[in-house]
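Read through the structure below, which is laid out as structure tokens, and then see the notes.
For reference, chains read A, B and C in written order, and residue numbers begin at 1 within each chain.
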Amino acid sequence: MKRFFKLFRRGNVGDAIFQLVALLCGLSLLVIMFGIIFELWINTSLSRQKFGFGFLWSTAFDINGGKIGALTFIYGTAISSVIAILLAGFVGVGIAGFLVEIAPRRLNRVVGFVVELLAAIPSIVYGFWGLIALAPWLGTYVVPPLQAVFGWTPLFAGSYIGSSVFTASIVLAIMILPTVASISRDVIQAVPDTQREGMIALGATRWEMFSRAVVPYARNGIVGALVLGLGRAAGETMAVTLIMGNNAQIFTSLFQQGATMSSVIASSFGEASDLFLSSLLEIGLILFAITFAINVGARLLVLVFANEPRGGVRA
Amino acid sequence: MSSLTSSSGHYRRRKLVDRLMTGLSYASVLVAIVPLAALLIYVIIRGAGAWSPEFFTGLPQLFGGGGGVANGIVGTLILVGMASVMSIPFGVMAGIYLAEYGDNALGGFIRFVADTMTGIPSIVAGVFIYGLLVLNMGGYNALAGAVSLTILMVPVITRSTEGVIRLVPGSIREAALALGVPRWKTTLRVVVPAAVSGIVTGVLLSIARVAGETAPLLFTAFSSNYFNFQPFQGAMPSLPVLIYNAARSPTEAVREVGWGAAFLLVVMILALNLTARLVFRGRVPGG
Amino acid sequence: MEIVSFGKDETTVDRREAMKERKDKVGARQKSPGQPDVGRPEEPVMEVEDLNMYYGSFKALADVDMKVRRNRVTALIGPSGCGKSTFIRSLNRMHEVVRGARAEGRVTLDGEDIYASDVDPVQVRRRVGMVFQKPNPFPTMTVYDNVVAGLKLGRRRKKSELDEIVERTLKQAALWSEVKDKLKESGMSLSGGQQQRLCIARTLAMEPEVILMDEPASALDPVSTQKIEDAIDELKQQYTVVIVTHNMQQASRASDYTGFFFIEDTGKPGQLWEFGETEKMFSNPERQETEDYVTGRFG
């Protein structure tokens, strides 16, 4: 602020104006961010007044009767995202480890490039493919063996008809895999070779070197990658809208259908008005809050724990 | 002391674990490649099969032959074009701000917000603009759609611009300043041109990202089965939303057109990505 | 690397018997804890025969013959780029972490060729340890865990056994008094010199026969350097040390044998130009280049 007036006084009008314009553009980001929060808050006043905090743990979904609760959808988002990150996490870190520690340098770069391209495929295409191609394939080759072995458990009970939480979670996992893998790869690659040498010199096998020296060092970055992947899965709309079935229920079996916060907004928005609309917007606000928290959490994790392995007081 | 070739049970176990883990990591690569390859192959085969002159010039026919997606192609170009016009100036200037004037608390806060915004679910952007513009402008329209895409583009362009500008060597700036060039001119005429290929990369990548977005458009530009060249009035069709409609259609012919559109969309986005990454590869600022 | 020789346990037992006999015969020192089974001091524990090393098609080292004598300190000196580091890494097959690096020739440890096709480098490195130029403690581990990091790879040991090893090796590395109250703190909370001694203790915990040191003090301040040199002096009573150093005074002070590496011309492979007892190498070397180097005329 003081800098402006200094510049003006010195006659550097050009510099002052330029800095001002740049600052305004920078501030526009803040305006957008807080604008979203503010506007969502205002437009959900109807629903917030009617339902209060109970909105968060109500599972009602009676459009005509005017009762709706968010819990069903928070549940759907949570379960599908967690399954997705569990699947994508192991595979993603496995790929990252392979690329950095095992693959020749050239292969690492080529595959890395391809993985980044794959992250660019739009979610509508994933959704379309998941519904038309993957769901039937899973039904033929994966579901029967699963039912044979685990069919007695509540998790895999019931019959599979294609669109289900199961299929949606798998498609989510495939969608976030490139993100998790490429961030993990960068993080693992950044581990200094001196760490690897130190463990190897003690007589470690490659796996021991990886698990005892590389992964602990890269721990925070890997967790960051996982949390970011989780956030992406939670915010995903089109694939789950097409594949999860849009059934507002607290499902117990993965083969059942369900709904997430984003899918209910996408599918019910058209016919919504007044209270229902306000409730949908409130679900949107909750979704925003949750993904915001996940994102901020991931960054804080890296910030706070980045000091742990490298810090401490030097004598 | 043991001989170099003797092997205790413990050692054998360690080697076994090493072999097992190596095998698992190979397996994880397979697990990743197979579905992604399957998806691409499927989209290519079904999509290319749907490409025809009618596909590129016709309008969607919900009953009968399926038609084409010409209105969606035009619509996407309009929406993405409008969004770019709005987001590039703001994004690039914000990136310049962060790089040149942003080493303070405010800059740090803006940086933090920008990073967080890249993680906002796109549906939230759509819902936000619905409340802000659609309700106040009397209905779905292209501007609302473009603004919702702009919200998604600006943070990405900002951060990538900041990154590239920071890479420009200080020596270039110092040389210009030493010659008496005012700071703002230095930035605009010297630093930005040096970083321009990186900036273009960031812009292309953000365009590629929003060209495929469906959710925000559902609440802002909505959809139409006709051409619309009006930016402020009337729903604007787009490729992603047409695909969404086709995916839910019971008619096989309509779904076929949907696959053609999906293939087209993937081709466009991959082309943008490849262009972006190869453009930057060639030129490094200052180098 | 293939796992080999199941059921070679008899061979191990036979070897142990043979070692015992030799010990008894020549009256070698009594084995104390932390001391590898000893042969006679001064005898070669490692012999290098006709060693050539390549990075891809580039020949980095040619025709090296050397005997590393037990319980002695062997220093490797020479101008930069002459292959000293490459050579020392061939002694525990560490060069193999670099893709394309290759060693041809024979390097024996107690008579066994470490480059034999059925030898796993993992086993070699248990017996030939290495301390690096830049201290590299594991930052996510405590001081205690750093010391036992290598042991934890092997069979399970009781806590009391580990405690004893930690104390003993930290004392041998001249670090115990400074860290005995900090064992549970992060390895990174120590100063540079302390970290390097921690790395030495970590290597000692493995009870290697030979300890390789690649310029261990070059990244440290003079006070830490002195402490490291003192530690090395103590170590040679129980271990064999091979040390690469740029510091001529260090070499002449601390070592018993010295090897001078030299490169004839750029692009040519490095060679072991001269090798002999340190006293002779520094006062009356055979070759002109050696004399030029140790008197500081170049390098």
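Convention: a contact is a pair of C-beta atoms (placed from the backbone, for glycine too) under 8 Å apart; a residue touches a chain by one contact, two chains touch by 3 or more.
Predicted model only: the values in this text are computed from it and were never measured.
Traced through touching neighbours, the fewest hops from chain A to chain B number 1.
Across A-C and B-C, it is A-C that has more C-beta pairs touching. Among the other chains, the CA centroid farthest from that of chain C is the one of B.
When every chain is represented by the mean of its C-alpha atoms, the one lying closest to the mean of all protein C-alpha atoms is A.
With centres set at the average Cα position, the gap from chain A to chain B is 16 Å. With centres taken as mean Cα positions, chain C sits 49 Å from chain A. Once the centre of each chain is set as its mean CA position, chain B and chain C turn out to be 53 Å apart. Residue positions of chain A with contacts to 2 or more other chains are 205, 208. Touching two or more other chains at once are residues 122-124, 153 of chain C. Those residues of chain B in touch with two or more other chains are numbered 14-15.
Here chain A touches chain C in the complex through residues 104-105, 192-205, 208, 212-213, 216-217, 219, 308-315, going by the rule given at the top. For chain A in complex with chain B, the touching residues are 12, 14-15, 17-19, 21-23, 25-30, 32-33, 35-36, 39-40, 42-43, 90-92, 94-95, 97-98, 102, 111, 113, 116-118, 120-129, 131-134, 174, 177, 181, 205-208, 210-211, 228, 231-232, 234-238, 242, 262, 265-266, 269, 280-281, 284, 287-288, 291-292, 294-296, 299.
Those residues of chain C lying in contact with chain A across their complex are 92, 94, 97, 99, 122-126, 129-130, 132, 134, 136-141, 149-150, 152-153, 185-186, 188-191, 194, 199, 202-203, 206. Interface of chain C with chain B (complex): residues 3-6, 8-9, 11-12, 15-16, 19, 36-37, 109-110, 112, 114, 116, 118-120, 122-124, 127, 153-155, 209. Chain contact summary for the complex, chain B toward chain C: residues 1-8, 10-12, 14-15.
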